[in-house]
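Just dropping this structure here.
Per-chain residue numbering starts at 1, and chain names A, B and C are given in the order in which the chains are listed.
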Amino acid sequence: MNDNDVLILIYSILTLGGLGLVSSVILYFVAQKFKVYEDPLVNEINETLPQANCGGCGYAGCNNFAEACVKSANEHKSISGFFCPVGGNDLMKQVAEILSFTVEDQKPMIAVVRCNGSHTNVPAKSHYEGISKCLFANNLFAGEGACPNGCLGLGDCVVSCAFDAITINTETGLPEVTDACVACGACVKACPRAIIELRPKGPKGKRIYVSCVNTEKGAVAAKNCSVSCIGCQKCFKECPHGAIEMKNNLAYIDGEKCKLCRKCVEVCPKASILEINFAPRKPKVTTVENNC
Amino acid sequence: MNQLVISGSPHINGSESVKKIMYTVVIAMIPALLVSIYFFGFQVLRVLAVSVIACVLFEWLIQKFIIKGPLTVNDGSAVVSGMLLAFNISSTVPTLMVIAGAFVTIAVAKMSFGGLGKNPFNPALVGRVFMLISFPVEMTSWPKPVPIFKSELIDALTGPTPLAVVKEGLDSGLTIDQILASGSVPSVFEALIGNTSGALGEISAMALLLGGIFMVIRKVIDWQIPVTIFVTVYVFAGIFHWIDPAYYMTPEFHLISGGLVLGAVFMATDMVTSPMSMSGKIVFAVGIGLITIIIRMWGAYPEGISFAILIMNAFVPLINKAFKPKRFGVVKK
Amino acid sequence: MNAVKTFSRGGVHPEENKFSSRKSIREIPLPLQAIIPLGQNLGAPAKPIVKKGDIVKVGQLIGQGEAFISSNIHSPYSGFVTKIDDVLDASGYRRPAIFIQVDGDVWEETIDRSETLETEIKLNRKAIIDRIKSSGIVGLGGATFPTHVKLIIPEEKKVEALLINAVECEPYLTCDEALMLSKGEEIFVGIKILMKAVDTQRAVIGIERNKPEVIEYFDTIAKKYPEIEVQPLKVKYPQGGEKQLIKAVVNKEVPSGKLPLEVGCVVINVGSAFAVYEAVQKNKPLIDRIVTVTGKSIAEPSNFKVRFGVPTQTLIEAVGGLPHDSAKIISGGPMMGKAIASPEIPIVKGSSGVLVMKETESHRKTEQNCIRCAKCTVVCPMGLEPYLLSKVSKLEKYDMAETENILDCMECGSCVYTCPAKIPLLDYIRTGKFKVSQIIRSRN
């Protein structure tokens, strides 16, 4: 090794070492300058959250939710109103534990598509060509079936779902929600026609709802769709629990009040009330007798 | 009556199509191809056919068996890539190497990014550079131009490109005048018609420009990109020639020698890998011109246009962000 | 004749296909039943002021425009109101309309039905605007913006030029041309009235060069009106866009998000100018318009003078019926018109044309990958980047869409027209525009 080589060695060490030293000093001061105080609880809560960042809780992401929880706990001494639909009650118990609160259980919810306007129930009257985006088609026209409130079937809800819980059934052209649904509400926001609603999942998944959101007069609605609610009020009169309300020619079943007696389903002349996950009915004649 | 069709406006389309654009480029390459056949013989057709067939085949195979999407191979983009790859290599390159180049062109540089329109780099140039690095000997031995009717001598002679002659001469300490005196550098006229050594598509500046004019008329390329490259090269090379004519070649020589015209007319104007706005295109073209001359004068390779275009390709997303078209009614603050 | 002008940036030149050009205006017999939609203008729909069973006369007010941006609706027929119900209109939805059973043709006595040319303008500025407002005049180019709103000039603004939009840059349509050839003198009086209304000394009529007869005819009339110029324009779409017309004629750019008044201009459609003449000089409200009925397969493309409320079907029958290979009916022109879902849709104030398209030209072409050719950027008359706007809208990056001036898009369709990959750019951009304006509204 001659002198020259040694010099190169020393220079390299000095330059690199010096560079490292200067950078670390700069980094230190930058870190000091931009330091943000964060409650360690936020981090703790955040770690329990599912990290789906779906926005179902009403916040942009899981970390925002954790921050809001801690803030509310500090300021209002309560975290009521905060709910992570993905984690459900178990998770909220954990969160409450961290913040030393208790929370009440919330009923599990699921997204429900309130339209049964399949290709057979609503024959197409025109043919749409264009991008597969409900929002666009909604601004363009009433839809191929000409129902101004019905499902366009272009799948904005499918795209919005972060849990792959909605698919479009190619036969009916309608979205179907699977049990993977965590009721985050993304599809509810995505649907330009407010067809999708979050409803109580019901015991063993049993639920009854009016599968129509058409507010037109009965005759007009029936012209386009064989299963539309025509606002005949039969279910409204039949319901023993007062769970059905009529508004704008449309029946709506309050999921909280509904006792799943299935009476409304029987009287609906248009079969627009759907019952999900019930045992198949016995033949109609016997049912009537039993009920009498 | 049938169901009426409902769709958003507009309800009519122009006659432009991807296929039309691609085949316009193919037609524009024909003059240069004819010149090439004239000087290099039918070996040109072998390289061209192998390159085009391999490119089309690779694209078809990948779309059919790997992507399993719609088959769009008949849009002509693979044909264009294959032809451009052939234009960028010597007519003496062995068939297997051409196939390897075609594979890189289509599989690596194009389909792996998602196919037509998604590739950040010009596929043919990626293929060419891959071959240049992998097969340096074959890729830098160029046939001497022999008019086709004197073809007894074909295959026998190979020689360096004019740019290589100059580079080697300068590296061995000669001055420009001494190199020119040796007689192995073609005159401006010879280079214009294509009577020179080089890749099969790059030799005739005249034929390439003819194709370029055709594409400009058919609105497939913008004339601003090639013209800006030419001006930049001319000015930049001219400045150095003016400073030291003994060490730097004339700007005219830089303009018409090597792949500059081919690169400027056919490669830099590639729609997919060039910027969107006119101001962006000018910046892009100036960058190509500068880098080309820098590589030619001080780089390890005698020719720099391929590298220059690839380098500027990498800047395209940035250029697109920075150089927007002038918005109507928006005044910059 | 003035030198030919045009706007500087972007634009396309689609095949003109003006089959009904230079044809005289036809009329059709009165229908038995008419449907008068209440939402015929941009902005709030009118409120019905008649009820079932009411007897109406031609020209009687039946719908009152109450909001600031709204306009009145008058009955184009005499007869009685059978019902007020929803009806499918060009918006693609069922919206309220007044159904009239036509009985005879009894006009309001106040309307002057003579053909004599009234050149003397008796009303003052305020009265003119009030008359235009009460007559329910809207922009007849297709946008149907209430005309009286444009004429209300704030104190601090001065109108340097009144521009009359007689460009008719949409392919196929010839309704303005037909009107100008038959009612030239009246249009000039209408322009004088509008000049008085906005208090300006200069008016320019912008006409594309593909209507040489009109330019020649107007040049002879213009000799009598030294303050009205006739400006021939190069044939280029979308020259009829308000901002493009201003750029072409007075070479000024309306700032982004601002009204033409910002550069001292008011732009009025030539059809509206004629309607103004009728309203102010003849006291006739807007109850009819010229409609072009055309298409490549149509036997006899024609221009009709139609009273509103006639079903589109009736007009198509008058030109030889709907050909069997028809698959699309467009209300308006092919570039900005709306495809309608049923031929029953009534003709309204905004119906500049009825275009019937053949099966072969009705369908969208297969979408290919974007080859980044930048043709959309080149043709965009607003200097936008349609490829980028459509991409960010598709990816729902609405904040970026906003900073890239998506709201400046006027949906002229030049980008889609020119796209070699047949990408439905405008579908995405419209979605993005809708979302961005929603976001901006919720922000305020």
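Rule of thumb we're sticking to: contacts are C-beta pairs under 8 Å (C-beta built on N, C-alpha and C of every residue); 3 or more make two chains touch, one makes a residue touch a chain.
Because the structure is a prediction, the values reported are computed rather than measured.
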Identifier of the chain whose CA centre is least distant from the whole-structure CA centre: C
Chain pair, B-C or A-C, that carries the greater number of C-beta contacts: B-C
Label of the chain whose CA centroid is most distant from the centroid of chain A: B
Whole-Å gap between the CA centroids of chain A and chain B: 53
Chain centre separation (chain B, chain C; CA means) in Å: 49
Chain centre separation in whole Å, for chain C relative to chain A (CA means): 42
Set of chain A residues in contact with two or more other chains: 125-126, 129-130, 136, 140-141
Set of chain C residues in contact with two or more other chains: 92, 338, 341-342, 363-364, 424, 427, 430
Contacts with two or more other chains, residues of chain B listed in rising order: 4-8
Chain B residues within the chain C interface of the complex: 1-2, 4-14, 16-18, 20-21, 72, 75, 77, 114-118, 271-277, 324-331
Of chain A, residues touching chain B in the complex: 124-130, 136, 140-141, 144
List of chain B residues in touch with chain A within their complex: 3-8
Parts of chain C lying in touch with chain A, wherever the complex brings them together: 86, 88, 91-94, 338, 341-342, 363-364, 424, 427-428, 430-431, 434-435
Residue ranges of chain A in contact with chain C within the complex: 125-126, 129-131, 133, 135-136, 139-142, 146, 148, 216, 220
